[in-house]
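Scrolling down, you'll hit the structures one after another.
Consider the two complexes below, in which chain A is the common component and chain B and chain C are the respective partners.
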Partner chain A sequence: MVRKNRGYITLFLLPTVALFIIVYAVSLVILFSTSFTEWSAGRSPVFIGLANYIKLFTDDADFRQSALNTGIWVVLQSTVHVAIGTLFAVILSMKEFYWKFARTVYMFPNIISGAAVGMLFLCMLNPEFGAVNSIVRLFGNADYSQNWFMDYATAFLSVTMTWLPYAAVVTILILAEIAAIPESLFESARIDGASNFKINLYIIIPMLRNIIGTCVILSGTSMLQKMDIILMTTGGGPGNQTMNLPIYIYKTALMDNNFGYSNSVGVFLIGFGLIFVLLCRNLFRIGSSQN
Partner chain B sequence: MQKSLYKAGCTLAGMLMLTMSITACGSGNSAENNGAAATAGSGNAAAPAAKAPVKISYLTFRVGTHASAKMEEEQIKQFNAKYGNEVEVVVEEIPSDAAYVDKIKILAASGDVPDVVMGKDGINDVLIKGNLATPFNDYLDKDAEWKAAIGEDALASNTRDGKIWSISDQKQNIGYFYNKEMFDKAGIKPAETWDEFMSNNEKLKAAGFVPLALMTGENAWTSNLILAAMIGTNGENGKTFMNTLHPTDFNTPEMIQALNMMKELLEKYTTKDALGAGYANAANAFSQGKAAMIANGPWMIGDFSDPTKSSEGFDAKVGVAAYPNNSLISTYEVGYMIGAKTPETRDAAEKFIKFKTGLEGQTLALEYGNVMPVSSEVQPSDALKEKYPIMVESITVAQKTQLHYRTLDSIVYPNVTDAWKNLYPKLAAGRATAEEIAKELTEIAAKNK
Partner chain C sequence: MLKKSLGVLKYGFVILIVLLSLGPFLWVLLASFKTNAEILSNSLGWPSSFRFSNYTKAFQIAPISRFYINSVIVGIFGTLLNLLLLGMAAYVLARFHFRGKKLLMGAFSLSLLIPGAAMLQPLYLTVNALGLYDKLIGLIIVYTGFGLPVSLYILSSYFLTIPKEMEESAYLDGASFIQTFFRIILPISKPGFGTAGVMQFLLCWNEFQFAIILTTGNQSRTLPLALYYFKSQFASDYGVMFAATMVVIIPSIVVYILLQEQVVSGLAAGAVKG
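So, the complex of A and B:
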């Protein structure tokens, strides 16, 4: 049967494979090969061996800070963010009277574009007219002013708070998984006298291992692409306090006009992402049976 | 047999569709850059009337709420009315200056730039180095009238190794605007020295006003104009620095002194949101009467009587002044470049640029965008003078100044322009001294490729 359909299988796979080759594989090959070159816009790449990588790891403070920030954000997003989303899903799964309303409201930040979210926070945290400072002024010091995005003490946290708590995608994925758990399991547990807390802790959460692993990968890797909100709010500053690898790639390519070096950072970012995904797959044994 | 024929047919059809889609993707512009940087003017100078108009591509960021959007729209409209049967300008709108610069640089990396390009923020360097632009020498040699309309100084500012790479469409004479009412209440007049400027700030603050509308986000435009003035007026070395293209050493006493003064301004004499603020925040602070001064060019004049931006009668409160030491920022815009690849499109691009930068285009720019022309032949109309008296004042101030220098944006590498947004907060927070910032600027300039 399989042999009979082999022609069709090949035929229908062909467009996808061709598109993958054109869009991704070719780009990856170009990215990797030009990372060993000196290449700027309008000029031909010149092979320089490992020079870009040597500079990257030995003599580039901005790269180190960007990699560190990216790493911190990946860890925060794959732990705190996923934990918030999971907790919210477990609460919503109890289907109290508010659950549909809460689920919809929690989704709002995820359906607004990143640039709009950035603009929203930029206004809310504006030191002159922002809502946050105005509220603080209402309850205390009338002269209170905090430049949340540009003060070294608050910049990193302020940027982080523009995405960390909004885990609606995680919540929805986990809610769907909880809905798939057979009701009989809960009934048995209740007959045995288990409380809701114990059901959540010993039945639901262990059975969510696969989906939590998937959420960790999705959330963590989303931080490897995060750029719009940072560009809108801090631009990587003050100094390089909130710079991450995508912003650094943007700056080296389009501001320094150094595409070769920028691509070496790109290769590092892809490698970083692959290692993270592999680690998560092994840690959560994604794809294997719950038992 | 029938089945295998059907299978073969399907496979063939699939392959054909795939091939066609791939071919279509790559057929956008197959013309080779056949010696684009070679001498221009070799194409058909006058196309036959019956011939279809030559299509040229043009990307513009002067759209939407941009200060020059109206000017751009009018120039294109009038060009189409005059030359629409010869040249068809295919306009693509880009939402911001920064997005425009990014897009052109990415296109340049693939060797495929639009037919007409604005060479701002380092785009000219990329196109020249990449052999992607055509110099104007031959075109200008054939058209003395156009050459005269641009003027020697404007042409010289865009000439490298004898080749004129772009045509400037405007002269930027930039001082600062001040709120006369606030100045009167503080008992001050526009400063003639930097000591007086700092003392004015203190007096304005004492009178309960925020002295300066500064901003460090985006390209730190309003802050950098003042920084440029501080450097440019600091002796012969400062003046030379501010008139040097692509300075590589920022470790100069003039730069360090200016940075120290700027630190003081950011700490004591500006709005609370200046660190990280964009141009809109600073412009709003001045137009809404929340700050006493803003450094900016005459294109802002229209905002003072625009009810959506300023309160009623605000334009009557605004005065314009030169910087201390009777000085002014005076620079020619980089202007337009030819990125076209074939003789036919090169000629069409030249025609479009000639219209935009000739006397007619300069007049439109002045009337619709308050943009200062490069030619002294173009003067504001009586209607414009009546509508914007401050425009006349601005021209008078410019004529009286004796010391001129350029903007930082027009002399430094693009990566230096981009760095200010990160460096100013560092300086203001005391995380780096002026000397350290100067050193960093030098290192950043060295990174430019």
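So, the complex of A and C:
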């Protein structure tokens, strides 16, 4: 079949290969090669060796803060966020009356545009009329006007709260995996007198190692992309309190027009992601058989 | 005793999660019907009447209808182009063995490992060089590419479930390769295309960071950008700001509620790659 259809096979693959080259391959070549250059808008790139990287690691407080924040968010998302989603999935898997409703509603913040999520929280946490401050005022403190997103003490926490609890994707993935566990396992456990709590702890959770590993990778790497919510709410501020690597790349590339430098941050971001993925794959032994 | 307190904890957790998910949405929805004075004096209460003036005003203050049309165009064509190209590629990769196939698959799955933000400046450059800056077609091509790994995976797994005999009998009847693909394979793969299509549409509809760097004028900006650019214009009129937020959110929620099963299976399929 292959010989006769070789022409068609090429024809069917060609557009996707072209797409891949335009969007990914060319980008990677530009990214790596210009990360070793001094290059701003309207000029041609000049080779400067490792100077961009040396500056990044020795003399750039904004970069350090961005990398640190990104790291903290990756860790929080791959632990706390995954734990919340897993716990919720285990509860929903008992299929009590509310489970479908809860699953649907939990997905709302994940399905709407990040820009809109940012806007929702900007309104909720508004110092004057936001729901959160209004609730605090209800309990007596009539002049309470915490500016959540602009106060140094609360900005980082407020931004974190816009994504940390919303683990519906984790919940959906784990629910699907629980549904695939053979019923006979539960039955024999029940016959042996195990309680629901024990079944969850000793049977379900260990069976989920692979999928939890996948969720850790997905949730962690999603933090390497977060830009929309931050840009909508704090813009990286106050100061550089809530800056992360994507915001930093956006600022250096498109506001300062410092292309070569921003691309060295891009290379760092890719390397950061690769190391994280490799670490998780080893930690959870993804791909190897269960137990 | 232990059992009872565990039960209380469980329901407490469920209620907390539902409140966190639904609360902000409902609060902004209610506030979008309030006047400015009501929002300031009665932030937590019910609106005095369900007036739509904030919504009509939102459409007057910002060119939201223009942004809306742009988002619909980008969503529809970004999805159709992605399904057509990736459908063809996935079919060939799922059905035939040829030299270089492993290399190709490896390269395609590499695209999952590149955070979009790293490509901000390079793609900005490429899109400019192609003369597609500030054009909807530029966004459509970039989004078609972003959906490459997920669509490829969902579609090729679907094609693998179709028995080979389907095509063989078509060939015996004298159908050509192209006819077999478009007349036999496409119609029976509708569920696979449905799942991939919903994921791709949501990607196009919600995408923000490349929309912001690849467009500059109102004639090619998409809906998520409306909130960003008109935040300051809306700022004096809170009710309008709430209404504009709802206008952006509601289509995503409607698509999700109508096509929930596709989204759920699309997420599950997409994640296996991780």
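Worth a mention:
Everything below uses one rule, namely that the second predicted complex is superposed on the first by the 269 of 291 C-alpha atoms of A that agree within 3 Å, B and C clash if a C-alpha of one lies under 4 Å from a C-alpha of the other, contacts with A are read in each partner's own complex, and residues count from 1 in each chain.
Here is the rule we go by: contacts are C-beta pairs under 8 Å (C-beta built on N, C-alpha and C of every residue); 3 or more make two chains touch, one makes a residue touch a chain.
The structure displayed is predicted, hence computed values, not measured ones.
Residue contacts after overlaying the shared chain place A:Gln225 against chain C, while chain B stays out of touching range. By the touch criterion defined above, A:Phe259 lies against chain B and chain C together after alignment on the C-alpha atoms of chain A. Of the two partner chains, chain B is the only one that A:Gly42 touches; chain C does not reach it. Of the two partner chains placed around the shared chain by superposition, chain C is the only one that A:Leu87 touches, whereas chain B remains out of contact. By the touch criterion defined above, A:Glu128 reaches both chain B and chain C. Once chain A of one complex is fitted onto chain A of the other, the partner contacts of A:Ile22 extend to both chain B and chain C. Contacts of A:Asp151 after superposition: chain B is touched, whereas chain C is not reached. Counting the residues of chain A that each partner touches, chain B and chain C differ, and the larger count belongs to C.
Counting contacts as defined above, chain A residues 8, 15, 22, 128-129, 254, 259 meet chain B in one complex and chain C in the other. Put simply, chain A touches chain B in their complex at residues 7-8, 11, 14-15, 18, 22, 38, 40-43, 126-129, 145, 147, 149-152, 234-240, 243, 251-252, 254-259. By the touch rule above, chain B contacts chain A in their complex via residues 7, 10-11, 14-15, 18, 22, 25, 101-102, 105-106, 108-109, 111, 122, 126-127, 129-132, 216-217, 271-273, 275-276, 281, 414-415, 418, 421-423, 425-426, 429, 431-432, 447-449.
On the chain C side of its complex with chain A, the touching residues are 3, 6, 10, 13-14, 17-18, 20-25, 27-28, 31, 39-40, 43-44, 85-86, 88-89, 91-93, 96-98, 104, 107-108, 110-111, 113-126, 130, 141-142, 144-146, 148, 152, 177-178, 181, 202, 205-209, 212-213, 223-225, 227-228, 231, 238, 241-242, 245, 248-249, 252-253, 255-257, 260, 263-264, 267-268, 271-272, 274. On the chain A side of its complex with chain C, the touching residues are 1-2, 5-6, 8-9, 12-13, 15-17, 19-20, 22-28, 30-31, 84, 87-88, 91, 98, 102, 104-109, 111-116, 118-124, 128-131, 134-135, 138, 165-166, 168-169, 172-173, 176, 195, 197, 211, 214-215, 217-218, 221, 224-225, 227-228, 231-232, 245-246, 249-250, 253-254, 259, 262-263, 266-267, 269-270, 273-274, 277.
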